[in-house]
Amino acid sequence: MSNQFYPLFYSFHFYLFGLMALASSLMFVTRKSPVAAAMWLVATMFALAALYIMLDAQFVGVMQVLVYAGAIMVVFLFVVMLLNLGSPADLNDMRGKWGRLLAGFVGLALVAELMALTKSPLDLRLVLPAATDVPPTGGVIASIAAPMFKEYLLAFELTSVLLLAAIMGAVVLAKKTDAR
Amino acid sequence: MMTVPTSGTHALASTVAQFVWLLPLLPLIGFLINGTLSLLAVAKLGPDDPSAAGHDAHHDDHGHDHDHGHHAARHKFAGIVSLVGPGVLLLAFALAVAIFVAMRGVEMHEPYLLTLFQWMPVGDLHIDAALQLDPLSMVMVLVITGVGSLIHIFSVGYMQDDPGYPRYFAYLNLFVFFMLLLVLGGNYPLLFVGWEGVGLCSYLLIGFWFSEKANADAGKKAFIVNRIGDFGFLVAMFLLFANVGSLDFAGVAENAGKLPFGGVVITAICLFMFLGCTGKSAQIPLYIWLPDAMAGPTPVSALIHAATMVTAGVYLIARSSLLFSMAPVASLTVAVVGSLTALFAATIGLKQWDIKKVLAYSTVSQLGYMFIGVGVGAYTAGVFHLVTHAFFKALLFLGSGSVIFAMHRAYHATHNHDDAQDMRNMGGLRKYMPVTWTLMWIATLAIAGIPPFAGFFSKDEILGNVFARAHGSMLSEVTWLGVPGGTVLFVVWGLGLASALLTAIYMTRMMLYTFHGPNRSGQAEQGHLAEAPWIMTGPLVVLGIASAAGGWLNLPELIPIGPIGALEKWLEPVVGVATKRIAGTEGHESVSTEQMLIGIAVAIAVVGITIAITRLKPAALVTKKESPASTGFARVLEHKYFVDEGYDAAIIQPTVATSRVVLWKGVDVGLIDGLMVNGSALAARALGWLGSQLQSGQIGTYAWVLLIGVIALLSAFTKYH
Amino acid sequence: MLAESLALSAALFAIGVVGVLTRRNAIIVFMCVELMLNAVNLSFVALSKLYGATGQVFVIFVMTVAAAEAAVGLAIIIAIFRHKQTVNLQNINLLRG
Amino acid sequence: MTSFLNSIGYNSWILPVLLALPLVGAALLLLRGTVLRPAGATAESIMRESRRWALALFLVEAVISLGLWWSVNSTSPLWQAGFLVPWIPNWGVDLRLGIDGIAQMLILLTTLLMPLAVLGSWTSIREKTPSYYALLMVLTTGMLGVFMALDLVLFYTFWELMLVPMYLIIGIWGGNRRLYASLKFFVYTMVGSLLMLVGILYLGLQVPDAHGLPVFSYDYILANVHLSSVQQLWLFAAFALAFAVKVPMWPFHTWLPDAHVEAPTAGSVILAAIMLKMGTFGFIRYALPLFPVAAMHPTVRFLFLSLAVIGIVYGALVAMVQPDFKKLVAYSSVSHLGFVMLGIFALTPQSVQGALMVNLSHGVSTGALFLLIGMIYERRHTRLIEDYGGIAAVTPIFATILTIVCLSSIGVPGTNGFVGEFLVLIGTYRTQPIFSVIAASAVIFAAAYLLWALQRIIYNPLTKPENKGLSDLNRREIALLVPLLIAILWLGVYPKPVLEKTQAAADRFVRQIESGGNADAGPTEPRR
């Protein structure tokens, strides 16, 4: 592949995955069945993983697939199936027409607002930090590892506590207590 | 004792008078000893842990039958109490006589002031605990300790079987202490200490047999009614301090002249002070407590409610003569109220059946006389009547005490539960109690105003002075409520004469019903009626002599059978200025007028006695149980014009009801607590309920609210092009 | 590609929001929240091209938190389901004041 | 005595020691009651031990505080026994202590009354005794701190500190409606004092120091903060509300009857004898001197004088019809405290001195009354007047003491009650004659309600069988009442020493207010 097509190629794929993410997320919110919705969400996450890789965040992209699409969503599906919520028949899931309309309006307003925000002449320090002269990352794991194990070491360690707490919490909560 | 005489240069300072502080101290010591004994005798300490030991742990009946003392055994401390109680009084009397003798030996231009310590020194207010000795207080001290001693001795017999014997003497001693403080106090606040203190002791002694509600009620009533008067006294002191700048007698005498003569201020001071006197000395409108006060032991009635405490108002006005002589309107008010009280009480006295109630209304009436005296500026005459009244009224009360004592014993012996004080149950007691009979007739003649007994001189002097002041004196010049002062005084004189007539009638009535005619106490009782023991009749004899001869203290010029006007001369340093100011220069009547006045007075007394003897038929009386209820005006009189009932319905019940229904239940519980306090709590709770309604628990709703909020905030902070 | 990434991020976020607002199934709402987290992650990654790898570090943290949250959240849902036999948010109002 | 006290540096350590001692005691007592609880201890043995330790501690406190009588130079314009260490420097808050003659008397009243309060709880408190006595100790620190603090934030801290123990004492050891009463007490006082906190912060931020930090020192604010009359009015309102609730002035008094009735004996005693004095003390120390223009504004003054007089008459009238003796005494407190407020706002040397005297003597008399009620309640378990009657026949000592105390509360001359009321009234008459005369009518009502109650309790026929077996006071109870009786007579017969001690402070107060605040003789900085 010649380099001169690279930007085009890149852009094409970028938009492709972007549209995929958009479309599958739209499909996700409109599905009635939780299983279907979950599958569409997985699709969204895959598309996002692709975008991450294209944005030079290969490690994050891999993690996205492994953790999100792989682990978290599996848990979701697992729960859906455990609780036997597969069929939406008994669920009065969706709001009414007006509710959906209003929600759509709110969503659009939010998008518009976010767009306007990036374009507003607001003091940029409030919106974005000042651009630093940090060299662009090469996508190697090392460039993530460096801040993570230096600057954010404490936070990193604390996540282990968080995870431990979450595990214990999940075990305690999900345990059958009404056995007595 | 911190005895730092401030007027060390006074002629009395080197005499026995420097021990004047011993006078009140002696009865105080007596009080402490007797009070301690009283508590020691009855006290039974409780268990260490009262909440652990149930209150029903022991049920021994204490046998506290306080019913007029019929316990066979005397009190275990009776001996020492009988010694200490009257003993301190006799010592005080001896000291008083010694001081009196010393005082006669020196010129009393100014009072002897003994400052013990500073009491309330605040800023420009200086109130010392200072005793003041001058002729006026000397007279009072002699009366108090002298008559007081006799009554204490009488009490030894009268109260001998009472289980509260030491308590009785403790109260009595305490009373004398406060009474001496009252007359010896060197300033108004200290006088007020005594003033309230005697009221307190009166309260305690009226309610001495507290297990009966009526007695406790009477004590309470006396205290509260007196407090109304004390309110007036307090305000008078505030006015004095604010306008004169001092509360010492000396300071007031010095600075009172700066106040405008007859002005609003001085009149207000005197009127408020007189309000205090109407309370303490049982004048209209506050006289109502005194008849009820007869619920106390009879010697108490003699000492407190006849001889000493109730005359404190007269003393106060005599003491403040300088002020009153500057306020003619107030002085006339005193005279008018005094005369009205004299007549009013005398009419009630006509129809009372309780022997003590007769004497009580008689006392109110005689106090009215004294106020007529001090009201018209005849301060000496007022004090003179105070002294003679102390003699013959104490005698009358003690005599009636003897009678009641005898009746009681008789009833007790036969287990009769009749009323031992009702005259309808007596009659013909002359046969059984000749000594008492004789002495009480002396007193009756004295109070009726028959010469040469004491009451004649003092009463005549008062009426003569009223007549004299009715024209050509300072008082006759002013108008009182639109009426010329002279006219007012003539009316007062007329009222005085009328009540003199009534006095003669009701006193004779009392004597007739009690001692004459057939005996109505019952066949069985007659065998038990007897004269009281010598310890009770002894004091009676002394008082009888005093009642008969008391007139010699202040003989008028017309009757020169001894020193003329001794009391007048004695009191001259104290009340002379004020008397002269009111009487003006041409004070004396012509001899013929005076003779006429004396003639009228004696004639009225004789007429009164005659009316009573001829019109009343003791033989026709029936006992209390058999008497029909009286009707018409007699009923009104018997019920004392229904004044008590009127006060109760007009003042007491409305006050209590308003306090309970409007103030407490309405304002406190309803308005403040209900509406404001609990109302605001309710409002807060309502607001909280409203807020909690937003907390639907619906996560969806929360999300909506959150999102809308986010958008609103974002749009608020975004600057658009 | 920064602007496009951010726009996509915003769009995904808004879709997540709409999902939260319209759905009543607790699990789906939960998944919508995950979508919103992903949208934020996208901005992080996109901006990390400009500002260095810190953004990616935060993505890792977010993932960790999301995992923890999913574990606990789903456990809660299970517990609630056991109790009420439903995951419909309308029927769950324990927070009611 | 003075030289001995100086030789041990008494003035330099006494105030912090008085504050710290009860706190330490409370901590030790709590430890003893929980983790260090001896094995095999019963509630009974715990009670015996803790009350003994509490009594010992309060006796020590009382004895060491007695030195203040001699060591304080009450005529000095300076704060006495000053003590100053930084506390929260960044906010300009210091531990700044010092007293004058007024505070001196109130501190002595507190320290001397606390042992009696313990003795009054001796057998009536049987549960959770360590906590109870520990709370009493914390309460003591709070109360003493209020009288000693010379820093507004510190003052506020102590002010609120004493609220909590009292809340718990009423709420845990109180009567049947204790929860209602304690909550009412807490919320009522809290509402008032929160506004005062706002006022304090406002004052502290008015004139920052050289570093731009707020200053809360009382003297600094008094000397440097100059407020417009509108500012003064608002701040005065904030402070006055807090104090008026505490006093309590009509119509903020309704917490008092409930709190008194439900509180255990010691709680009632402390509440009446000391905590109500915080309110009047607050007026004298803070509300009036800091905002003289507002306080002496004719309308404001008229309002407060009216409220005081309404309180006097209203309290007396409502007291008259109370069926519950404790409630009766509570309403009589409203009446008495009205005299204090009247005296303060009448602003003459006599009335202010009288107000301080009523403060003290109300503490003694009402304290004694509550103790007596507690004693009889312990035996009969009722406070209703109608349940008694004629008990003088079976309990003569109790009846005698009750009579004396009632007479002192009525204000019979020769007892403490008279001196204060007389001075208030005679002083008030000079500036506010109408108010004085109306207030003087309370002498009638006071006699009416107390004597009526007295009659229905100790006199009248002894008809109720339950009363026939009543036991009289025991040695402990007599011993704890005797000091109060001595105080009643001493203050009534020879009040001069006390009057002398408060004279300078009272004069200064009057001058300060009259000259509109920036007076010549505001007390200056403590010596350290």
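Which chain is which? They are A, B, C and D, in the order written, and residues in each are numbered from 1.
What we mean here is this: contacts are C-beta pairs under 8 Å (C-beta built on N, C-alpha and C of every residue); 3 or more make two chains touch, one makes a residue touch a chain.
Please read these numbers as outputs of a predicted model, since none were measured by experiment.
When the C-beta pairs in contact are tallied for B-C and for B-D, the bigger tally goes to B-D. Taking the mean of each chain's C-alpha atoms, the chain closest to the overall C-alpha centroid is D.
Rounded to whole angstrom, the centroid-to-centroid distance between chain B and chain C, based on C-alpha atoms, equals 94 Å.
Here the spacing of chain A and chain D, counted between their Cα centres, is 66 Å.
Taking each chain's centre as the average of its CA atoms, chain B and chain D sit 38 Å apart.
Per-chain Cα centroids separate chain C from chain D by 60 Å. For chain B, residues touching at least two other chains, in rising order: 700, 704, 707. In chain C, 17, 21, 24, 90 are the positions where the chain touches two or more neighbouring chains simultaneously. Not a single residue in chain D touches at least two other chains.
Inter-chain contacts occur between A-B, A-C, B-C, B-D. Chain B makes touch with chain D in their complex at residues 38-39, 42-53, 55-59, 61-62, 64, 66, 117-125, 129, 189, 192-193, 195-197, 200, 203, 207, 210-213, 216-217, 219-220, 223-224, 227-228, 230-231, 234-235, 237-239, 241-242, 655-656, 658-660, 663-664, 667-668, 672-673, 676-677, 681. Residues of chain A touching chain B in their complex: 95, 106, 109-110, 113-114, 116-117, 119-122. Contacts from chain B toward chain C in the complex involve residues 691-700, 703-704, 707. Remark: chain C residues 1, 3-8, 10-19, 21-25, 27-28, 30-32, 34-35, 38, 41-42, 45-54, 56-57, 59-61, 63-72, 74-79, 81-83, 87-88, 90 touch chain A in the complex. The touching residues of chain B, counted against chain A in their complex, run 700, 704, 707-708, 710-711, 714-715, 717-721.
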